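Shared between the two complexes below is chain A, which has chain B as its partner in the first and chain C in the second.
Take a look at the complex of A and B:
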């Protein structure tokens, strides 16, 4: 039943539109970038991670839109009465968005690897960890967006979340003279970062942070009607603590 | 007057007004306190404003509205005029602060506003923000470009003196306004 519902959500939810938008935007950014990856796979991973500044907010907005759909359609009561547990419904709704995001990430990485001939250092530990952090960031965006959508009372929440995330990424990142340490909280890596700087330690911290954020988002979204519980933020807080512990500079 | 008040309420005027106030404060703060605000003021500010105003281009039940014996083209023209004034007022503090990007931001406001109106015609008011967002993001990701024909397509990211960018933005503004006045928002009950 879960697989059937997931397939239905993948077809009829915002997932196909998201995948299309990500393919277009990510493709324009990554495949259209001058210079390419110079035959090195770590550079390909870095290019794709850097596209996170635009891809992460898109996935988040799709999650917000999906999270608020029950309220917009006035289906809250029907959903509360359904025998499907809320945590499974959230997993399905967030999962469809996450699948669209992650599948597009993998497709773009494969396309860049093949078309750019970026095979030197293929699947090496450091870039593989960075790629995994990018995938988990999309998972976190999908479930955090879903939770935000559950709590948002206005349909304007999706575009506002998208633009706010984008603005925060710009302000926090190296683009506007901000701190590169602050960028560890985001999937985008900043334009001055080289593959060598993206160490396994940094990626491990980001993996834990994004995983914690995803779990918190899922827990917060797993309730009809939405109710805020501080304890559901514990996984995100633990992930943040792990990120700070692994990268002491990020805590300051 | 009562009809105007009811119409404004049906268009979420209060909700959009609060949203615009928030965007105006955020844009002003970014323009005042952040270095290198080009993309923020030129693209994100106008995009935020038109995304919010797009929700006001249709009510919750456009099909029911059309049964009313009103001259809807005039009402929609008035709606678009109010939206244009509200957008300019919301962005004014930021543009006064970062005046080197003001012309490009106003061009983008017109072009993205036209795309929002087109989005409302094609996708409905609730999804109208998708059209300007897609074009602004793609334009920013690919542009700015030196080739004239490509600069027209990446107009949101181009400098203020790019003629082809200005022409396409103005064209989109006019087409969007005319089509929205003629057809209104698309009826999509479940979006």
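Take a look at the complex of A and C:
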């Protein structure tokens, strides 16, 4: 049942459009970048992570769109009357967005690795952890977007979320001299970061933060359980605490 | 006939619907006692006592009578403010809501859809949400679409269907799980006369072994397809009886060539209720 619902959502939901947009935007940024990866896989991972400044908001916006679609389409009553638990429906809807995002990330990384001959240091621990953090960031974006969409059902919510996330990423990004510590909250790593700087410790903190954010997003999107509203934020708070503990100076 | 409204522990469901709703060995498809439901701040259903069993029941009433709010409460979309509500033998408040919902079919008044889905995919989507057994879904979807006369449009995108066809897809999704309790809110809105006749036939067919509650403004639909009628006004029960009783209520009311006996009975009962309430 879950597989069939997921297949329907992947085919008819915003997932195909998201994958196309990510391939277009991410592909243009990563594959079209001058210099490429100089044969080093860690550089390929870094290039892809840096494309997160546009990819992350796209996935989040797709989540917002999907999260509000049932109410926007006046389907919420029929869905509420169905027995499938809200947490499972949210897992399927967010899962479809996440699958599209993660699959595109993997395809782009593979394409960059093959076309750029970025095989030196292939699957080494440090870049592999950085890649995993990138994947979890997309998962977090999908479920956070889904949760936002449940509360903001206007069709403008998705484009507004896209613009707002882009703006926040730029402000936090340090491109204009801002703090790079704040960038640890986002998948993008900033232009000046080298693979050596992106340590396993940093990636582990980011992995925990993004995983916590994804779980909180999923709980919020499921509105489950209603009487423990604030506890839904506990996973994100725990992830943030882990990020801060592993990287003193981050997230603040 | 196996009792569709109770667990195996409960007694077989008799046809009559005038018994004590709280009798311990008896389960109705719908048993409401002193039921109150809010629509926003407004008390839309006010202390309603009602039992419904197998058959087709027409839910009538003027705008704002509380029909849609009552249907939403029966569909477990809206929680009651007060009173007791048991559906298909399960307590709607403290019972197994998930199990209860597996036995309910519901067509909301404002029924939306995803335009990129085909009719078949859309009914299938809702069948999955109803947690139907995996192997039963494809045949059940085809059968439901066939019963509403949309077998030939099953692979058309929802966005390309007419308003009447979309309503029929809505009916198809409501009946796809062969529900013990079928709730239809304004099901004939947008249907042409031929489709309405076919729909009434479908109602009678489903009502043979299910409890069907049809909320409508169209008194003639109730007269043609329903076993009995429930008339609401201001959230309260005005009348409950068969169509003959509704027609009989017209006795003494001024005759008008443009109105049927059922419509005159409906109007007379409402006026009498309001006069009593105002007195």
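The rule is short, and it goes like this: the second predicted complex is superposed on the first by the 243 of 252 C-alpha atoms of A that agree within 3 Å, B and C clash if a C-alpha of one lies under 4 Å from a C-alpha of the other, contacts with A are read in each partner's own complex, and residues count from 1 in each chain.
In the analysis below, a residue touches a chain if its C-beta (ideal position, glycine included) is under 8 Å from a C-beta of that chain, and two chains touch if they have at least 3 such contacts.
As the structure is a prediction and not an experimental result, all values here were calculated from the model.
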item	value
First (chain B), second (chain C), both or neither touched by A:21	first
First (chain B), second (chain C), both or neither touched by A:73	both
First (chain B), second (chain C), both or neither touched by A:1	second
First (chain B), second (chain C), both or neither touched by A:166	first
First, second, both or neither for A:82, with chain B first and chain C second	second
Which superposed partner A:54 touches (first chain B, second chain C, both, neither)	first
When both partners are placed on the shared chain, which of chain B and chain C touches more of chain A	B
Set intersection of chain A contacts, chain C complex versus chain B complex	73
Interfacial residue positions of chain A with respect to chain B in the complex	17, 21, 24-25, 28-29, 32, 54, 58, 72-73, 154-156, 158-160, 162-164, 166-167, 170-171, 175-177
Chain A - residues contacting chain C, complex	1, 4-5, 8, 12, 69, 73-75, 77-85, 89
Contact set on chain C toward chain A in their complex	72, 75-77, 97-102, 104, 106-108, 110-114, 116-117, 121, 124-126, 128-131, 134, 137, 173
Sites on chain B touched by chain A in the complex	15-16, 19, 26, 30, 34-37, 39-40, 44, 47-48, 51-52, 55, 126, 129-130, 133-134, 137-138, 140-142, 190-191
